[in-house]
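In the two complexes that follow, subunit A is the common piece, with subunit B as its partner first and subunit C second.
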Partner chain A sequence: MTNSWTDIRNTDLVIVMGGNAAEAHPCGFKWVTEAKAHRGARLIVVDPRFTRTAAVSDYYAPIRPGTDIAWLMGMIRWMIENDKVHWEYVRNFTNAAFIVKDGFGWSDGLFNGYDPETRSYDMSEWDYVIGADGFAQVDMTLQHPRCVWNLLKAHVDQYTPEMVERITGTPTDKFLHIAEMIGETAAPDKTMTSMYALGWTQHSKGSQNIRGMAMLQLILGNIGMAGGGMNALRGHSNIQGLTDMGLMSNLLPGYLNMPKESEVDYATYMSTRSFTPLRPGQTSYWQNYPKFMVSFMKAMWGDAAQPENDWAYHYLTKLDVPNYDILRMFELMNDGRVNLYFCQGFNPLLAFPDRGKITSALSKLKLLVTIDPLETETSRFWENHGEFNDVDTASIQTEVIQLPSTCFAEDDGSLTNSGRWLQWHWKASTPPGQAKLDTWVMAQIFLRVRELYRQEGGVFPDPILNLNWEYADEGDPTPDELAREINGRALTTVYDTTDPTKVVVEAGKQVLNFSQLRDDGSTMSGCWVYSGCWNEDGNNMARRDNADPSGMGVYPNWTWSWPLNRRTLYNRASCDMDGKPWDPSRMVIEWNGEKWVGNDVPDISPTAKPQDVGPFIMNAEGTSRLFSRAMMRDGPFPTHMEPFESPVPNVFNAEMRGNPVARVFEADVADLGTSEEFPYVGTSYRLTEHFHYWTKHNRVNSVLQPQFFVELSVQLAEEKGITNGGWVRIWNKRGSVKAKAVVTKRIKPLICDGKTVHVVGMPIHWGFTGNAKKGFGPNSLTVFIGDANIETPESKAFLVNIEPSEEPVA
Partner chain B sequence: MNIDLSRRGFLKLAGAGVVATSLGSMGFGEAEAQELALIRPYKLATLNETRNTCPYCSVACGIIMYTKGDVHQGQADLIHVEGDVDHPTNRGTLCPKGAALKDFVTADTRLTEPKIRRPGSDRFEPITWEDALDKIARAMKDDRDENLVQFNEAGVPVNRWTTTGFLAASATTNETAWATFKVVKAMGIAGFDNQARV
Partner chain C sequence: MSENMAPPPTTAVSNPPVEALAPNLGDGDIVLASATPNLPPPTRQLEKLAKLIDISKCIGCKACQSACIEWNDTHPEIGVNFGSYENPHDLSSEMFTLMRFNEYEDPETGNLDWLIRKDGCMHCEDPGCLKACPSPGAIVKYSNGIVDFIHDKCIGCGYCISGCPFDIPRMSPTKHVVAKCTLCSDRVSVGQGPACAKACPTQAIVFGTKDDMIAHAEERITDLNGRGYDHAALYDPPGVGGTHVMYVLPIGDKPELYSGLPADPKISDVVQGWKGPTKSVGMAAIGLAAVGAVLHSIFTKPNRVTEHDQVEAEEMVEDILGPVETAELATPQDEGKA
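For the complex of A and B:
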């Protein structure tokens, strides 16, 4: 989230698209209710189903799964055509004025430079024209034919309301009604907030869905504002934290990234991370990358990270592919190329696409280790449960070790919510039996492996032997010790860069925040964006002052938010070029003639003059980006792409299947179905009574929603002879599931390109362990293809067939 | 350190003791005192309170956990969970999942001992922590020594281990995440992900 849950109270208009907050985030959604009741805010819901969020909306429109880009580009087109543009914001705070190279273009559904052989674009022309002064060229009048604004206008021109209806199935009158509502927030003192979740991410072009809305929000001037922003609702309680901490194949903490093997040494690695400003006087805060990187390397390897050895650069893995993401790992596993696999609080047998392939892959491991408070289907993937898990147990040679871990009630520590608040919690109860803390488990594994390397030697033991592991009890690091390490401290005395006689922080003391980190090895910090969470003031994440002096739901002394306890990102953009708030009644910060002051921590240098320094300080432009240059593999603007399994061809290019640059493994191609064989669109979602696959272990939740079901329209049920409450079978080339049918008016057939499209909705919560009735998940049917940029599987749009059936046999 | 204003203390204060005192001072007699002596104190007033946050979705509602016994001094059993009225986001409210949190903590299917399933077997059998951890460490060391790509074809040190993978839990704390990160990345495990990917 750019903003926080409690900030939603400040909005004028909420659009929930790609999410279902009333159901999946009920207590956060109360702030929508609050805004409706006390501010007169309105709520728009766009979703394939009439969800529980839609039930309390002011306006609802249906949409076909996987067509959000066409809808959003159509919305941008309408705003431009009807002059619903926040011009001062667009001109100054976006890259609308930047001139783009002549080679960039789009035709037949594709951008320039596409190579079908490599399924990739040559992106060299997707960039600005750089002038003789070394800066990007701009035309502040927005008249230049090659400026971003005019290219955007041309790009969205084809997405007329009629074209939007043809692709998305959203009726033109409903689309135009919503356009009028959204257009009102182009006024400088009106804001809209976008709330989205996995309904937008789980597509082969999920990142571009989100960009589409971000661009709309920028054109309306709604980013940085109280009650505005792009608000990713996020899934798990600490999914934000694990992303921030870099627990991914391609990441390091704080959005630093893993080196590629082409980056043969530290200097080469840093050479593409210089972040020189693209316009005069801009902040380009990533220029501090070396400080964060060296402090991270010192946190990892302490004295073994020295300037002479490039800060132990060669201890880091160098990637030969963009990502060893989950899809690639299970592809390798299914090929017999993975031997050991760990699942810490993770249930891939139900969470990952194409369950048949997941079972096959797990069966080829030598050893699977699960670490979880609960039974999981994954830890028992080898156990036969009739139709619910039809495996040949005796033939599965995988050894499985199931380790019992503690749960939230039994540990101390912080979780980062979707509003970036790091909230500390305290253990309350005793773990059952021999269940152990995850930190203890990791420490015990590490110490044993390290000991084996000490005793026996082995291949490249250095990063293991030298891993910084300074805890009072090596076998049981405490959350306090780990949190202090994440914040970082001075290893030697740190002096002011402009006045070397002035001590900034004494050796051994916690740094105040990341502004004190250095690239000379004098500081360490596990995760720079979290620096400030536990400084010499103590554990700021444990703060519990719920005072709200501004009355705007800022709660500045409640726990701690990253970065720097800032509650609204890009908040400099809430003011005009003179530093005056666009809406004085909802002042976030303002310029007092000397510095930025107000209700939040300014997202800019406190003394940066408003006319000189742009609000998007992380970007080399100083502005936000309507045109994302070569930063995304599938284009600098979002363009309509069908799901890999779609009921209709792409209207711009009938030959194009799915996202043309998404990675597709050879082995999965044969399992893709067509609409002739599988005429119906499947989609997946959560219910409010369940959380993923955990709550089926709880008696109360299992009573509330005991059994797997699917939802389908009255029309489809009549067509197929399906009765409400009867059994149905749903299948495609990848699998087959049986479910109770819920025949409902909440899902209605859509007309797309003259064709009737039926949607079958499938909640995700059942398996073969726990208290609820045994059932299936949609992942038996979903596609093993991910987003072209970040490889999130396309679980929200796939093709199925459906027929009346009998109860499955356990 | 987590309880600024103890609600338990408040309940005690507002309970039978105070009422009896004030009644006594107002001149009521023996009968009322006897009646008051029979009033059961509010059940939660005898329990320990701990502040926590709901572990399900990322709204992160504040909760209060009531335990019989103090976790810092021996056994503490979870009796009740309710929304934290002091929390700015949820202001004491909980959804059907959060309201049933106790069922997760005390579920019949909570795991209580390490287990192993041998190749081809149709059941789990118990294994000690020591044996389980030793076995895991041995398997990791052997696999890493055999399969770590220390240099690529161009001779660049790449420290890349792709035959072992790790999925981290995005319901664990940042502190657990940091400990996990250090161990996994130091060993060179390339296939590392969390639920943010799905």
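For the complex of A and C:
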């Protein structure tokens, strides 16, 4: 989230699209009810189903799964056409004025430079024109035909309300009604907040869905504002922490990059990470990259990381492919190229697409280790449960070791919520039986592996033997020790860069925050964005002062928010060019003539003059980006792409299937279905009674929603002879499931491109372990294809068929 | 009186006491008790309480149901899906509150509303269950408005079920006593709010003095009027003297849309006539069984009275009034269907 959960109460308008906050985030949703009750805020819901969020909304519109880009581009078109644009914001705080190279273009659903053989674009023309002065050229009048603003206008021009209805099924009158509501927030003193979740990410173009809304929010001037922002509702209590700590196959902690194979040494690696400002006087904060990188390497390898050995750069693994995401891992596993799989806090047999393939892949492992507090289907993938898990146990030779771990209440530690708050929690209960902390498990494995390397050597033992491991009990690192390591400390005394006589931080002391990190090896920090969480003031994550001096729900001394305890990102954009708040009644920060002051930590140097330095300091432009240059594989603007399994062809290019640059493994192509065979659109979601696949172990949750069901419209039920509460079978080429039918008025047939489209909704949760009735998950049917940029599986749009059926045999 | 006793039950504050307190809700606070005409007057008058359920804020998450199960340590069965989000499928002696879901399309606009109502005991000012109950002291009403079932005095006759205009109490098939929401009298008596209100993530359920809750409801109604709900209203039905569980209904002129919430609930005339305050105990006892039978033919809810229960009831009445003619205590003939 750019903002915090509590800030949602400051909004004028909430749009929930690509999510179902009331259902999946009921506790956070309280801030929506606060905004409605105390500010008179309105709530819009756009979703294929009339959801629990829709039940308390002011306005609802349906949409076909996987068509959000067309909807959002249509919305941007309407804002431009009706002058609902926050002009001063757009001109100064976005890259609208930047001039783009002549080669960039779009036709027939594709951008320039597409190569169908490699399924990729040549992106060299997707960039700014750089002037003789080394800076990007701009036209602040927005008149230049090649400026981003005019290219955007041309790009969205085809998304008329009629075209939006044709693609998305959202009736024009409803679309226009919502446009009027959203358009009001173009006023400088009105804001809209966007709350989204997996309904936007789980598509083969998920990143572009989110960009579409981010662009709309920028055009309306709603980023950086109290009650505004792009607010990703994360799907686990600590999934934000997972991302921040770099648990992605292509990332290091703090959004540093895992090196590529081509980056043979540290100098080569850094050569593409200089982040020189693209406009005069801009901050381009990533210029500090070397400080964060060297401090990370010092945290990893301590004294073994020295300038002479490139800070042990060669210890880092190098990627020979863009990433080893989970889809790729299971593809490799299914090819017999993975022997051992550690599966920690993860239940891929129900969570990842094409369950048949997951089962097949797990069956080819020599050893599977699961680390989980509860029995998971994955750890029991080899066990026959009749129709619910129809495997031939005798033919599976995979050895499975289950290591029982702990639940959050059995341990101290921090959880990072969607709003970037690191909230410390305390152990409330002793783990049962032989359950052990995950940190203990990992430490014990590490110590044994290190001992093997010591005794037996190996091809390259150095990264293991030299790993920095400074814990009082090396077999059991404590949460306190780990948190202090993440914050970082001075290894030798750190002096002021401008005044070498001035000590910034003494050797051995915790650094105050990442501003004290250095690239000369004098500091270490495990994750620079978290630096400040546990400094010499102590554990800031444990702070529990609920004072709210601003009255805006900032709670600055409640826990600690990264970065630097800042609660609203890009908050300099909440003020005009003179540093005066766009809305004085909701002041976040303001310029007092000398520095930035106010209710939040400024997201800019406190003394940076408002006329000089742009608010988006992490970008080399100093502005936000309506045009994302060559940073996304599927285009600098979002363009409509159908799901890989779609009921209708792409209106711009009937030959184009799905996202043209998304990775598709050859083995999966034959399993893709067409709308002739599988006429109905399947989509997946969670229920508020459950937490993922876990709570079926809890009797109460099982009582409240005991049995797997699918939802379908009254019309489709009549067509297929399906009765409410009866059994149905849903299938496609990848699998088949049986469920109870919930026939509902909350799903209506949509008319898309003249064709009636029926949606079948399928909740996740059920499997064959736990208290609840045995059941299935939608992942038996979902496609094994991910987002073109980050490989999140396309679980929200796929094709199925459905028929009345009988109860499955356990 | 211990020093460490809760203050008189009034309202749930945002930060209720965390220390252990002795309950402060006792016999001296009882203003009505079933089949007890000579109830001593209460020793004090507590402030009237109410739980307010704001349907416009309710997201149907069932946290209230979950909290109710946990707090009351009930054990509803893990059932099946019957084509609805409602689970369990009905109130029971193990499920005191239930989210009821109704999909309603406005015939004029065609717009869909998913009407979600938390069902459970309304804690009537004039409780029909208490009036219908033949067992002395099995149902009591406190001066703060809470209507509570005293299970060890319940004879399992089920007359309270028939007497309830909201169809709330349910007979336990194993324990043969009737159970319902207590408004968490055990929590309220130590300064806490009901478990459901505590768990509600959107504060759709709030709890406090009845006056405060009415004032809060008025604010909510103003907000709803501004959102096109011209008929938004507080549900505090006068036919039962008002209730201590109230709703804010966005479609306030059509309460029945909310899964059959009665528009004008009243205690049946039979029950009123039978056990009205002016009736003598003797009349009540004599009329008891016959009225039970009549009631039973009026209501179709379960009303099983075992022979054992009947004997026990007779004994209780005899204890108070002396011998009565057994013949007059006829057994209801038709067993109700669940």
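In the analysis below, the second predicted complex is superposed on the first by the 810 of 810 C-alpha atoms of A that agree within 3 Å, B and C clash if a C-alpha of one lies under 4 Å from a C-alpha of the other, contacts with A are read in each partner's own complex, and residues count from 1 in each chain.
What we mean here is this: contacts are C-beta pairs under 8 Å (C-beta built on N, C-alpha and C of every residue); 3 or more make two chains touch, one makes a residue touch a chain.
Because the structure is predicted, anything quoted here is derived from the model rather than measured.
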| item | value |
| --- | --- |
| First (subunit B), second (subunit C), both or neither touched by A:Leu704 | both |
| First (subunit B), second (subunit C), both or neither touched by A:Ala490 | neither |
| Partner chain(s) touched by A:Ile589 [first = subunit B, second = subunit C, both, neither] | neither |
| Contacts of A:Asn724 with subunit B and subunit C, given as first, second, both or neither | second |
| Touched partner set for A:Ala70, first subunit B, second subunit C, both or neither | neither |
| Partner chain in contact with A:Leu467 - subunit B first, subunit C second, else both or neither | first |
| Touched partner set for A:Pro348, first subunit B, second subunit C, both or neither | first |
| Contacts of A:Gly235 with subunit B and subunit C, given as first, second, both or neither | first |
| Which partner reaches more residues of subunit A (counting touched residues only), subunit B or subunit C | B |
| Which of subunit B and subunit C A:Lys30 touches, first, second, both or neither | both |
| Touching both subunit C and subunit B, counted on subunit A across the two superposed complexes | 26-27, 30, 688-689, 699-701, 704, 771 |
| Subunit A partner contacts - residues on subunit B that touch it in the complex | 1-2, 4, 48, 50-62, 65, 67, 69, 71, 74-78, 86-91, 93-101, 103-105, 107-122, 124, 127, 129, 132-141, 143-145, 147-148, 150, 152, 154, 156-198 |
| Touch list for subunit A against partner subunit C, complex | 22-23, 26-27, 29-30, 33, 36-37, 40, 42, 50, 52-56, 58, 60, 688-689, 699-709, 723-726, 740-746, 771-773 |
| Subunit C to subunit A touching residues, read off their complex | 56-63, 65-66, 69-70, 75-85, 87-88, 103, 105, 112-116, 201-204, 220, 223, 226-227 |
